[in-house]
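Below are two complexes that have subunit A in common, paired first with subunit B and then with subunit C.
And then the complex of A and B:
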């Protein structure tokens, strides 16, 4: 028995969003009487953190604390339209729509504040702690809660804003096939180190080193989570998960529960390092691109390449099972190369 | 079908409920007592998202008939925080970004609580083993293992401070 070590890498260019028949998302913002700003969306947070990121976008644009922002994704029947949370589009599309809505709401907020302070709205600024104040005169100020109260009960105004981001449908140029199907592309590279047991065929992923260029990282901690959680899923696809060969022909014979459907547990995860590179995208919200689906992609071919480097077996079908490794080794030996 | 009255001490409070033979502890907690922390994931005992403490031991509550544990003490994630002050394990999960979608989190936290109760200074292998019955699909586990390690250190430090 020999433990064979190998290293492989893979790179990925990943589109943010889709072409579809046009790819829009909308956002509506309104202030409550007490200075909370409700961002109404039909975009769904599946756990990837969309609510946090769009709350950051709203707070940054409005110039108020995150705590004053309420994200409402309660009902896709009655909310403003969103194509959905998929295609790594959420941060880019929804973020842009929220920024547009927040700019409009901010203008009204500043006008209401200007009328209360009896100054020109153009001379006002926000300090991010909840106050609107006169530029150069921080004592001439009013809290957003008082601005909201004044709008509702004295001035009869709604502090609100509408936002939509539309990626228009792009048709290919017939002669060349040239088109613009996505808004921007994120890039990544993963280097994988593996150990292959040439007697059992078991592949162990030892380390993953990831570098991601994703425009601006609006929330670096969540970006790191996304990279590492996605890499786990990539490892899982590469060497664990499968419903084959039973699915879809004979579902009853395939894995029917989590005891049989193999996934790496906490003891099987590789050591990871991740680096985030920021090159802001001109059309992204504060320069952000999408980082969602791509995180599961690069680890898989990187692991395949590492297996090839370790033992010479070129695998092209996932998962890279012990059986497929051993069959590959047998084939190499039959050719006199093993 | 005989309906029985089952008495439980849930998070330190005496509770009684009417349970059918097929009423699981998970169902009793969620639908009879309104404690929604424990999650119904696979309902086969394989995912761990329904983990609660039964007389101090972690169990998958989807496989425990309520009538079989009459008189038992049950601990759920709702019982950990003291008002708005999170427990050390909960605080470590928040500070260490050890959650994403959050569906596995209550089960993970209860498995971690059980571990730290019996082993205040676990090795990474012991942490891995303690949460090996809890499936997470988002985090890649590493932040969870780190959070439990951090919580253990916090708990040891506060125990030393009390001495």
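And then the complex of A and C:
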């Protein structure tokens, strides 16, 4: 038995959004009496952290603390339309809609504050601590809670805002495929290091090194979780998963539970090292691009290329099972003998 | 303390701005504490008095004519409230993408006179208990005449193959074409210019989303006649609109509440459970739960499509790719679902992040007698990337060029025209390759380190 080591590379890009059907999302924002800001959506947080990241967009734009932002979402009676959470569109589309709504609400908030302070709204600024104050005169200030109270009970104003992001539908030209399907592209390069057991055919992914260009890391920890979680799925796709093990020859032998449908456990997760680059997208929320989907992609060919580097077997069918590695090694030996 | 990957600010320095308060900071995820303490409320955590359950009797054949359906024994099972057939579905034929004008409606909610895949739903049974619903579904008797089945995408495309679709072709028709086409430059002329030609085939098998929480919903009839749908859908209005069309009821009759999803990955955008749960709830006037078992999730819910991809490249000895021709086949399974859209997304992605002056692609959305595939993370792109990046590695080795230098030679840059005739902007492929090389100590010569995405490529053929 020999453990063979190899290294493989892959570089990819990935589109943010897919506007073959038009691609809108909306947001509404209103202030409560005491300076909470409710962001109302119908978008679905898949666990990737959409609610958190759009709350950051709202807080940044309004110039208020995160604690003042409440996200109310995923109810079609109360929330305005969202196309859905897919196509790496959530952060980009919903983030943009929230920023637009927050700008409108901020304008009202500053006007109310200006009237309370008896200054010009254009001379006011926020610092994210909860106060609105006069530029160059930090003591002339009013807390957002007092602004909201004044709006509700003295001035008779709603501090609110409406936002929508719409990438208009693109119809592909049937003859040539000319189209404008996305908003921007994120980028990644992955280097995989594997170990191949030439007796069992088992491939172990040892390390993944990644460089990702994502526009803007709105929340760096959530970027890390996307990259590492997605890479886990890529490793799983590469060396474990299929609902039809003998595709396309036989529809039989389909796994029906997690005893038969294998995925990497903690022992099979490679060590990962990643570096983030930021080239802000002009149309992205604070420059962000969507990386929800792409993080599973580059590891797969990087692993395929590393397997070849390790043992000379070129696997062209996913997944890269021990059986396919052993058959490849047998074929190499047969060639050597012939 | 959350682990955070470092941001390398040396790249694109002049384009980055700063001075934010909360953007760029690690704010804890709002759902994290709920998830790790088990307090997050999923749709199945809601309990309702008199909750009824739906289970499905499914096709035993890959392709068959249905001669008879006998529900008499199912109806007699104690606890069974109602047995639902296609006659109870107001607008039985649908396709989820009709919301954006995709035709035809090619899939029945419940099968009528034929089944196109093993596991296709034929009858739904609503019962007091899950056990009674399972028993009722098991007692449905269906008489079949088996028909020839097609399992291979290229066989399905052949003129000799049995036509399995009512529309008359075993492939989705894109405005009169048998495939979504990309035509850019003159690929044959490119091959003629090339020093070397490389052609290989790549393929994949179907892959399951494997969410921790299976697809499901609870529908609760309201006093005013409206239906509240508690669901783990990825797209609330998409589900609402499709469900209302199938129910043939006003859109305002429905209210979708969701937002907590135990794993989506594209597997919860197909609108599979809500329509039947609504019909069952309306017919029985009781809250109804319809949730996939793990076996249904694994074998009946849409997987990631299997794909077959042929790539033929014309390359100059110096490493420039001058022509790329791709024949791509997406195995959509028996019905369209989101596959016509995903196949177009694949076309838009070709020929990968490289500037190639002559590109030709036919991306086929092919129907076969297997579980319909649909959206999954990286839709249209994941398998194509496997093929393209394997191809890049093989050509680099054949030309004896370093694999990263080979990619850098061909990397797309700002201002380049992509094959789908969109001008590239905001590109950064060169920089991620340079940075990854540095991460693993892979030396690149000075001229490759000096390359930049924002500097137009020079003298590319």
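One rule holds for everything that comes next: the second predicted complex is superposed on the first by the 317 of 338 C-alpha atoms of A that agree within 3 Å, B and C clash if a C-alpha of one lies under 4 Å from a C-alpha of the other, contacts with A are read in each partner's own complex, and residues count from 1 in each chain.
Note that a contact is a pair of C-beta atoms (placed from the backbone, for glycine too) under 8 Å apart; a residue touches a chain by one contact, two chains touch by 3 or more.
As the structure is a prediction and not an experimental result, all values here were calculated from the model.
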Practice prompt. Report for A:49: first if it touches subunit B alone, second if subunit C alone, otherwise both or neither.
Written response: both
Discussion item. According to the stated criteria, A:96 is in contact with first (subunit B), second (subunit C), both, or neither; which is it?
Written reply: neither
Practice prompt. Please work out whether A:324 is in contact with subunit B alone, subunit C alone, both, or neither, and reply first, second, both or neither.
Written response: neither
Worksheet item: Touch check for A:221: first (subunit B), second (subunit C), both, or neither?
Response: both
Worksheet item: Is A:255 in contact with subunit B, with subunit C, with both, or with neither (first, second, both, neither)?
Response: second
Practice prompt. May I ask you to decide whether A:77 touches subunit B, subunit C, both, or neither, giving the answer as first, second, both or neither?
Written response: second
Worksheet entry | Partner chain in contact with A:40 - subunit B first, subunit C second, else both or neither | neither
Worksheet item: Touching A:269 in the superposition: subunit B (first), subunit C (second), both, neither?
Response: first
Practice prompt. Going by the touch definition up top, name the partner, subunit B or subunit C, that contacts more of subunit A.
Written response: C
Discussion item. With the touch criterion stated at the top, can you tell me which subunit A residues are shared between the subunit B interface and the subunit C interface?
Written reply: 46-47, 49, 221-222, 224, 230, 233, 257-258, 263
Worksheet item: Which residues, counting only subunit A, touch subunit B once they are in their complex?
Response: 46-49, 221-222, 224-225, 228-233, 257-259, 263, 265-267, 269, 272
Worksheet, complete the sentence: Given the complex, residues on subunit A that touch subunit C span 7-15, 18, 20-22, 42-47, 49, 51-52, 55-57, 59-60, 63, 66, 71, 73-77, 79, 81-87, 127-128, 169, 172, 174-182, 184-185, 187-191, 209-213, 215-224, 227, 230, 233, 237, 241-245, 247-249, 251, 254-258, 261, 263, 273-282, 286-287, 292-294, 296-298, 300-302, 304-305, 308, 314, 316-319
Response to the item:
Per the touch rule, the subunit B residues reaching subunit A in their complex are 42, 44, 46-47, 97, 100-103, 125, 127-129, 131-132, 135, 137-145
